[in-house]
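In the two complexes that follow, chain A is the common piece, with chain B as its partner first and chain C second.
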Partner chain A sequence: MPNYSWPPMDKRRIMGQRISRLDGPVKASGRAKYNSDLNPQGLLHATLLTCPHAHAKIKSIDTKPAEQMKGVAAVRVISKEGTEIQWAGTEVVAIAAETEAIAIDAARAIKVEYEILPHLVHEHDLAAAGTRARASGETIEGDPDKAFADAEVTSEGEYGIPVITHCCLEPHGSIVQWSGDKVEAWPSTQNVSGFPGSLAQPLSIPATQIHVHMDYMGGGFGSKFTADRWDVEAAQLSKAAGGRPVKMFLDRATELTIAGVRPSAYAKIKTAAKKDGTFTGWQSQTWASGGFAGGGGLNATLFPYVYTKVPNKRINHTAVSINAGTQRAWRAPAHPQISFLCCSALEDLAAKLEMSSLDFFLKNADLTIRPDVYRAQLTKAAEMIEWQKNWHQRGDKTAGPIKRGLGIGVNTWGGLGHASACRTTINADGSVAVDLGTQDLGTATRTMVAMVAAETFGLGIGQIKIGLGDSRFPVSGASGGSTTIGGVTVSTRKAAVNALGKIFDLLAPIMNVPADQLEAVDGRIQQKGNPSKSMTWLQACAKLGTQTISETGENVPRDAPKEGLINQGASGVQMADVSVDIETGVVKINRIVAVQDCGLVVNPKTAESQVFGACIMSCCAALTEERVMDQTLGRVMNADMEFYKLAGIADIGEILVHMDITPEHDKKGIIGLGEPPAIGGVAAIANAVANAIGVRVPMVPLTPKRVLGALSNRRMA
Partner chain B sequence: MERFEYANPTTVKDATELLGATWADAQVLAGGTDLISLMKDYVVSPKRVVNIKGIAELGKITPGTAGTQIGATVSLDDLTSNRAVRAAYPSLVTAALGITSPQIRNMGTVGGDLCQRPRCWYFRQGYGLLAMKDGKSLVPNGENLYHAIFGGGPAYFVSPSSLGPALIALGAQIKISSPTATRTVGADKFFVNPQSADMREVDLKPNEIVTAIVIPPGVTKNATYEVRQKEALDWPLATASVALKMTGTKIASARVVLGHVAPTPWVAAGAEKWLAGKSIDEATAEAAGAAAVEGAKPLSQNEYKVQLAKVAVKRALLAAAGKAV
Partner chain C sequence: MNPKDEGKKKRRSAFSRRGFLQGFGAGTGVLATGVLAPEQAEAAPATPVQGPGEVAITLTINGKPQNVKVEPRATLCDTLRTALDVTGAKRVCDRGTCGACTVIVDKKVVYGCTVLAIDAAGKRIETIEGLAVAPKLHPVSKAFWDNDAQQCGYCTPGFVMAAKGFLDRNPNPTLEQVKKGLGGNLCRCGTYVGIRKAVLQAAKEMQGGRNA
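Coming up: the complex of A and B.
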């Protein structure tokens, strides 16, 4: 059995270095072509006619005016007469035409008659939801009644976080060409290897006949795991148009309306503690909506988040079905909402105890899943945000309208690598290829694979040719749930070690050194520790003559933890320092600090970059981002980039990231990082605002309206 | 968007003659930052688009003893980088710099800022200026977070113009041309609160264009304060522009104009009256803010804007007086 283990921390030459992402220059200069940028010869442009009503039955569809239009190549009805539509934006007809403009004109020419039915698009008022609300039963642990009766201090509060959308910069969609018995697809997907499988069934052709290409993609966040209706329609339109390629990417309004949302979460929470700060009881009644199916994902086992050992709990949840676009996974499904609800309620409890939330957390760290890790991370984050100097009891008492405050949010996530296979090829000319059917979502997967391969082969990072984004490469999992880095690094490592083993076998008799005594370092193959007995990589590969080495490696999640290369269970802490103008309710972020562990860190620079991005997303969700729906119209009012507000560079403050790199964490192996830093930021910012202004703003985003509302309620009380 | 005919005149006369008797006949294109998206969303679908960027005389800033004349197609970026404008009219420059991003200031024009259409999301989704569905306004019981707190009914949108309040406060005149005549209207009369869906929110006929703005000299202190949720690529939630004629340390006369709170820039007459004869300090500014929002009629979701307008007035006054805000 070859030794696949990572080189010891102090012996790594490339892994662990701060290496800029390999595709940075082509992306920054616009030379990188995303699939939505491509315009192959003979291209037809497709669009969707969508339903403007939140709940309706289709009485009739007349597509003739579109079909008769010059330049229209194909028209397909997606939702047939009689279909009951459950949210505005539902796809009704797909059209392909010679130009985008003709396709849009054709869509507008189609006549659809609807029978309009009653709808509900808001879930924040649970009482108004009536039969649309479905309670999922109560979970009790310990004796919550006694805990609250015996409590020396209790705190109660209401909290809410609305639906947000994924708002991918590159919208959902694809270019598809179905000619003869073959389908070529250029989608924007988080799942290159799995895409053929999800397209095959609706097209009724074997997945083996579907070939997927994707070099780059512009954001998915969990919303692009499978072929969607519009991808299927692009294929069907292509077939109907005689095999011409069809481009179907959603327009911005449709993207924000139907291509995925993160569910809302609302809660009434009661907490109990002893006077010394010991956390003794939790009670939560939550409700949420992820669209028509209800959903929301607020699983009872996830409360009260990292405090898994709180002895007494009562947990209730209700899912509300509304007539709105359906939920999809969003960076750490359910966790950002639950972290916000729990960390907010505990910040309020700490305030009631007149304790700092840092002291409260440290006092109760033993009740969490990873006491020592959180203690160390909180201490580090506190140092970075100057907690001792800047913290004050709730409500900044300094004069003037600007009030400053600090807050904490925490995260936990799994992040075990997914199934992945990789093939490495060594040619006699010394060139090396590494191929795997994964995808680079912008997270630097390509760079990670190159680093692991270069480390293993003892070569420079530029000497490895990386192939990904092609479904004909060995199968790799979908990029979701922070599973990619673990999967691809293990499969790459194994494939590279296996290929190197073949080279060593070939060279052993030539160099007169046993194969297990050879190593690859600094572009040479040598006797271990003895550069005088060596040959260059090129000389070594030349010995292949007419042969080529091709080896595979595989990550099998079930076996991975015992191999020690990868692991699961990441933790992190975020703290925010904010200033709030109490005359206008405008919140400014001064600083966000993030301390994050993810086991062995392959590239600290790109890891930090992941955390920066997550902190920025947290700023958006905490301060500006919210789907607004109108109950009368049943539609999204801000399905655009104007009133669907995302933070800009001037709105995010200073972000400091500390990757928690220690020999102890390193020994755990590689753990995924995509989700965890996206979890705690909203809680940290919301808590900092409460600390600044002396009162909880129950609902995020913390708009001037809500901040002023919370302040005026306090003034009235 | 619908098909249209494109015209590229080089004189004001040609341009106005290319316009039509109704708004559906033709629309004026300058920077295009608003018109193009309106057309792409089918909110307006003119038969002809008349580009006025090729009319050289509209693109100039001309200082003079009677005041500064700013051509309608002067870009917001040129406006904010003009030395004379910066020295005399800081309130106008602050308002223009609040129009984000730099790309929009490069393309967008002074005339376009005055003539752009409301950002009301009901208007943009095709429910007209009055946001009507089944004979009823969607706004009072709808998503009115950003809507009017003054002058509401039957229209509830807010005037999107950033420069309008500053120009009214500065006493500017708007020059307008039709194929047969030219006229001048005070900036305070230019904006119209439409009483029916077929009215326009500015005093223009379908065959007229704004050619220039003339700002008189003589105002000594002026400032604008904008309350914004985001720094960039966002509309202010409420603004105030003030211009003060001083006698020594006392205010001889004041103009106080609110933005983004009503279907037109909103002259806060109560605050203007109250300020006469006062000198500016924190307490005066605060009281003027309170006077400015008297009579506000917030909707179900936008009571917070009353407070924002009040603070904007206070801070604009303090800024005009050169005091820390």
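Coming up: the complex of A and C.
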């Protein structure tokens, strides 16, 4: 059995270095071709006619006016007469035409009659949900009733975080060409290897006949795992149009209406503690909606977030079905919501105890699953945000309208590598190819693969040709749940070690050194520790003559933890320092700090970028981001980017990131990083606002209206 | 620019989003850059009606005249991307909010989705493709790479062009000016920390180049 383990931390030449991403130059120069950029010969442009009603039955569809228009190539009814539609934006007809403008004109010309049915699009008022609300059972641990009866201090609060959308800048969609018995697809997807399988069934052709290509993609965040209805329709339109390629990417309004949302989460929470700050009891009644199917995914085992070992708890959840677009995974599914609900309730309890929330989180660290890690991270983050100097009891008592406060949010995540296979090829000319059916979403997967291969072969990263984004490469998992880094680094490492083993076997008799005594360093193959007995990489590969080495490596998640290359269980802490103008209600972020562990860090530069990005996403969700539904119209009122607001470059304050890079963290192996830092930021910001203004703003995003509302309730109380 | 084009531009500007923003004092970050410089809503002389069918125009893109037939309703962004296969500028919000389609027209930074292609005829259009010839990188692009100011990269070409236009007017900006100057572009992955550093680095390098 070859030794696949990582070189010792102090012996690594490339892994652990701050390396600029390989695709940086093509992306920063506009030369990177995303699939939505492609204009293949004979391209047709497609669009969707969608339903404007939240709940309706289709009485009739007349597509003739569209079919008769000049330039229209194919029209397909997706939702037939009699279909009951459950949310506005549902796809009704797909049209392909010579130009996008003609396709849009044709969609407008189609006449659809609906029987409009009653709808519900709001879930924040659980009492109004009636039969649309489904309780999903109660979880009890310990004796919560006794804990609350015995409690020296209790706190109660209500909290809410609305539905948000993924708002991928490259919209969902694809170019598909179905000619003869073959389908070529250029989608925007997080799952290159799995895309043929999800397209095969609806098209009724074997997945082996479907070939997927994707070099770059413009954001997914959990919403682009499978082929969607529009991808299927693009294929069908292509077939109907005689095999011409069809481009179907959603317009912005449709993207924000039906291409996935993060579920909301609302809660009534009660907490109990001893006077000394010992956390003793938890009770939460939560409700949420992820669209028509209800959902919400607020797993009871995650409550109270990170502090799950609190001895007494009662947890209830109710899923509410509404007539709105369906939930999809959203960077750390359910965790940001649960972190926000729970950390807010714990901050309120700490305030009731007149205790610093830092002290409360530290004091109760033994109730977390990784007490030592959280203790160290809380301490580090507190130092970075100057907690001791800046913290005050709830409510900034200084004069003037600007109130400043500090808050904490915590995160936890699994992040074990997914199944991944990789093929490494070494040619006699010394060139090396590493191919795997993964994808680079902007997380620098391409760069990580190159770093691992280069480390193993003793070459520079520029000497490795990376192939990904092609479904004909060895199968690699979907990029979701922070599973990619673990999967691709293990499969790449194993394939490279296996290929190197073949080179060693070949050279052993030639160099008169046993194969297991050879090593690859600095572009040479040499006897271990003896550069005088060596051969350059080129000389070594030349010995291959007419042969080519091709070896595979595989990550099997079940076996991975015992192999020691990768692991699961990331921890992190975010803290926020905010200023709130209590006259205008405007919240300004001064500073956010993030301390994050993800085991062995392959590339600190791009890892930090992941954390910066996650903190910035948290700023959006905490301050501006919210899908607004109108109960009368039943529609999304802000399916655009003026009113579906993302933070801009001036809105995020100063962000400081500290990656835990130590021998102790390193020896855990590689752990996924995408999700965890996207979790705690909303709680940190919301808690900082409560600390600043002296009152809890129950609902995020913390708009001026909500901040002023919370302040005026207090004054009235 | 011929007087005809000038007239068209002025007529359009009376109803443009930038005029609206200006009037209501919103989008100060953008205005401060000169990206959305004040335009006067003057009464315009009558101009001949174009369309509704396709019309032949010439767009001067990165110094090269290119003939193209477009419907008068086609935006500059769509015309570049689809008819001319110039795809650095991306279509994201498609209504003048996110800046992913940022290009420079007659030295002014504009959103390509809010300019009609026919209005851009006869003007100097600069796109990211014109910044440097592959494999060379413009200092702004290089600074974005060095500072990891991109993840998925879909907003990046727009940001690079906005930064280029901003630095042309503000060669030696402070961090605060950078924050205001690039307020007209949005990123979803959250690359602003890198972008701030990148623009400051590019400013230094471009100045260095000039003074050297």
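As a working rule, the second predicted complex is superposed on the first by the 717 of 717 C-alpha atoms of A that agree within 3 Å, B and C clash if a C-alpha of one lies under 4 Å from a C-alpha of the other, contacts with A are read in each partner's own complex, and residues count from 1 in each chain.
In this section, a contact is a pair of C-beta atoms (placed from the backbone, for glycine too) under 8 Å apart; a residue touches a chain by one contact, two chains touch by 3 or more.
Computed from a predicted structure; not experimentally measured.
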| item | value |
| --- | --- |
| First, second, both or neither for A:584, with chain B first and chain C second | first |
| Partner chain(s) touched by A:20 [first = chain B, second = chain C, both, neither] | second |
| Chain B versus chain C as contact partner of A:252, first or second or both or neither | second |
| Touching partner for A:624 - first (chain B), second (chain C), both, neither | first |
| Touching partner for A:642 - first (chain B), second (chain C), both, neither | both |
| First (chain B), second (chain C), both or neither touched by A:632 | first |
| Partner with the higher number of touched chain A residues, chain C or chain B | C |
| Contacts of A:655 with chain B and chain C, given as first, second, both or neither | second |
| Contacts of A:28 with chain B and chain C, given as first, second, both or neither | second |
| Common ground on chain A, meaning residues reached by chain C in one complex and by chain B in the other | 101, 641-642, 647-650 |
| Footprint of chain B on chain A - complex, ascending | 101, 108, 583-586, 623-624, 628-633, 635, 637-638, 641-643, 645, 647-651, 703-705, 708-709 |
| Contact set on chain C toward chain A in their complex | 29, 71, 73-74, 78, 81-82, 85, 87-95, 97-98, 100, 127-129, 131-132, 134-135, 137-138, 141-142, 144-146, 148-157, 160, 178-180, 182-183, 185-196 |
| Touching residues (chain side chain A, partner chain C) in the complex | 20-21, 23-25, 27-34, 36-37, 39, 45, 99-101, 167-171, 216-219, 221, 251-252, 441-444, 605-606, 608-610, 612-617, 640-642, 646-650, 652, 655 |
| Touching residues on chain B, where the partner in the complex is chain A | 1, 42, 119, 121-122, 125, 133, 138, 141-143, 145-146, 227-234, 237, 301-302, 304, 307-308, 311 |
